[in-house]
């Protein structure tokens, strides 16, 4: 059993980490921290976990990096950006491995970090060491990593559908449009008027237009895949569901198609490309036939599902993906990286 | 008082027409028809209207075109496509004016109708006579019309934001992408598993990809505006709200912009263009400052609100619109056309 | 036109008052106050009202009782309890009539106020002067009132169904149970974790058990109706809808019934009793036949609907009511009292 | 591994059985039947299970009792009442053990069955043999049973809170009131207008008043517990959540209490009673301190949580319970009985 701790465990990602790690066959949850909840048991803070014996004895404590580095082999950070990077330094110095769910270690450039997050990076020297925790893409690097930057929810929903196509040269790297809808848990457990039930229910609205922070990591990763600088268009919308992200991608095939034969030929290439990339991936499901993604089919799981359509009228390729923003988009993916990092079965604790 | 009737009044659009016409200062609702509800009062079928005296006496009847043409000066059709066109013929022959909420008279070409609706048009000779009932665009033609084809819900959310820009030549007519989210009332009051509460709640999903029927009327109208054949990309999604459509449009400005000065100059032109088009329109609200559309601000009203942003990173123009799919997207707009057609104040019964 | 003002207009009740009074045929809204929103127009704070010309010019101001008393003939208070009473004193001294939507003037006893609201009443000398603003019950007193205490949302849903039965002696005054479900707007527009979308959606929970504050005014009013001290059981629940209260009342008929004949005879008396009470009331709808209340049939209206059933198996009478907690349960009822107070048609601005 | 089959696996209870049995450590799912889905794989019908290898190979078949009795040791019936009893006969004759989720074998009296279900019982001779599958109450009898009648969703939410109190004589058996709210999945996966998203969302309504079918089994079981005939009042309401039942029970303590001391003494007895009944039950959680049940804390689990309050103002005891209507209220409980019946750990496959 690997000893693990969660820092900042009272938010939605933290709560999901608690659920996953309490039930993980190879992890022992030795500490959970939260300034507001310190002193309370996990069962008191999250009554839904009260049936788990460990939840009735494990108490939230104040975060203390030095102590945590001694107690735990792997520490998950579910903290706001900025705070996470500061907290990671003493943990790493103390010998713990760190899986950070914030945006702090996702970029290689401190300058771009500052452009998108509006403050200096607290630990720029760590940026080169961190590994972007998307196992389907960076599995080998995750294995030996000391510091993992777990991807954002929107980026996951955009990167997994586009990576194979870009690498295979099937789509043009420029002109990509990603239109996303997210459930309200994406905004975090924060007492703000905008996220009250009455403000979100019976409402749908765009936000963060046109320069959402997640663009920075999406473009860095796509640039990596394409081998050329990629700039994309990304529009997030808030919809009244608890969980789930649905992303519709508008892509330009590298090869022009106009006739039915050309479309069929291109379609065959796309099918092969996705097959090669994902047929053996436990957490990516490429839909077949008439099926289209639906968040209700992935909520509560670590699976991202996707479907694609060629549109002969416009010459575009549409790819649609669905995921649970808190599982594959956050805590589930972090546990998946944990499994890879520690050499466990990649699906351990995730099915 | 103008005598009006509603054919097919038991669906969501029909119900909203009942609400609007019961309270209209210049309309007398003389008949409502529904095969299933014949014999019942409006108050029995729609308890929410029971406080209105007329709702307690007016009874649903079986549809009878000849009789309706004698009883009513204007007949609203809230019937499925195909059925509506058949029903319109005897009404028009009987001297009634017709406002059809179905898709039957929205296109000029019977061939395109057949391509998108998969059956022969029942009354192709009427296509040339019908007027597309978008008052902000076709007000003059609506005035004298005998037959109005009230626009679809998605088309309204796409056409009003794009028309002024296309006419002014500010955007390229090609490459338009419209990504839309609709509430479940858009599917109609039909007993189908897909629209059960449990199937829609906590779910978001695309559908009708990539060739939704509404493309036909959207492209015909945009072609009219642009003076050149327009093909667009359109992806509808179903989200768990009762009412409301949010559309995000991805547009290419005709003029390239890169510097801040160029963006400011182009932005000024767009602002002037929308100001000229909509400053005096009672039912189009161009948002200012940081405000973005939110369906909760328009649900229950005949208003479409829109906001736009230039994205200097991608060179695109984003326009987002919000409307109530059953009001501005259907019954409210039909009443607006009714007002124009009859010479009433255009806002009569709609505020 | 009567000049009116709203103090504390940025909450849900305040917002609904703005809507109703902007469109009221006999009211001129001269001032709206809110500490947080001072300086902004009504259209900026509530984009949904932006189509109303007055909303684009009227600006929120800091509350100033002396000034308001000079500007407005009638002032609506949508403030928290405690604060409302303090604010009412200078308004009344300045000659304004006051309609208070808080709990501050609903009770006659300052001691019971303290028991339930946990602080001394700020203006106990006014308790004797205030009139409980339930027009269906206290219409005559409302006419001449200077100070109206508009009833709470739960109390309205309980009092209107029980008053006629208690007065007619058809039910026993003891043993009444009221089980209620409320939409989340009942909690107010407050940035608290408990009312976040994710905390309320897909959740139902009781709260305020067993001694909710509204018991104080419910019991005072029922005691008045029964002529004997009444204590009731009341359990509120929070459900994931924006608006609406559904109350199910468990009542003991004064007369025992066991046979079908006895049930029919008692049923006839109940029907006559409700008929006498409400047949001419524009805002109470007694359902007939198999119909049962449904909040969706009253949301957005000032109507309370109710239905009743005798249960021969248990000897009980069940009465179920539905209302919009923000309209008939708050702002609509306040406007109804305003109409009565000023001698306008009682339905003015409410249909 | 015990071979199991599910008959009628395309509804909500059937779907949940599929989920639980696919992942059960001691069960091998050998057959799933559905007339409409015959020929399709489980993965095609329920995309959310597509990651499970067995779901991609197991195909729905037409129901055939003789064949199923040979293939499976235990057969779960998720069929409508009436149909279930007919299907059970050949299964039992063929040697299979049967766990029926319908109401067909829950009552001992064919006459009461007919009174509540409006048709003759198809197999009255089996009523004496069936065991009511509430493990917390009938565990011993379940062990050896050939035929288990799994309890209804509402009955479970009412019986578990009341059984211990009735048996201990702490409450009077008469005058019990149960007020319940259920999510829409309780209505089943049926294409009916009443359960469309738009008809349920933003709505709350009572139904089945005052004589819901579940009364029959609730009263039979309570009569058993009390040793005297029990008649209760039960009012179900439909609320817009997918899953979850919240029941509030109004009970009369056998012993009158008025002073604080008497309340404390009675409270201690109740606490001891629940402690004795449920401290060792893995699926019943008695909340402590200020906590009240919330369906969101039990949805997706087989746990029922409850809390109680004495009300010194009225002399009543309130007990509130929350459960997932499809898990503890249906399929989870059926699997719990399956575990008991087969001698597995009672929690196998349920945590």
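We just call them A, B, C and D in the order they show up, numbering each chain from 1.
Here is the rule we go by: a contact is a pair of C-beta atoms (placed from the backbone, for glycine too) under 8 Å apart; a residue touches a chain by one contact, two chains touch by 3 or more.
The model shown is predicted, which means the values in this text are computed figures rather than measured ones.
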| item | value |
| --- | --- |
| Other chains in touch with both subunit A and subunit B | C, D |
| Pair with more cross-chain C-beta pairs in contact, given A-D and A-C | A-C |
| Cα-centroid distance, subunit A relative to subunit C, in whole angstrom | 46 |
| Intercentroid distance (Cα basis), subunit D paired with subunit C, Å | 38 |
| Whole-Å gap between the CA centroids of subunit A and subunit D | 37 |
| Shared interface positions of subunit D, touching two or more other chains | 199, 201-202, 240-242, 294, 296 |
| Touching residues (chain side subunit C, partner subunit B) in the complex | 23, 47-48, 50-52, 202, 282-283, 285, 287, 291, 294, 296-298, 300-301, 303, 305, 351 |
| Footprint of subunit D on subunit C - complex, ascending | 177, 179, 181, 199, 201-207, 209-211, 231-233, 235, 237, 239-244, 246, 248, 250, 292-296, 299, 309-311, 313-314, 316, 318, 320, 322 |
| Of all residues in subunit B, those that touch subunit D in their complex | 12, 183-185, 189-193, 195-202, 240-242 |
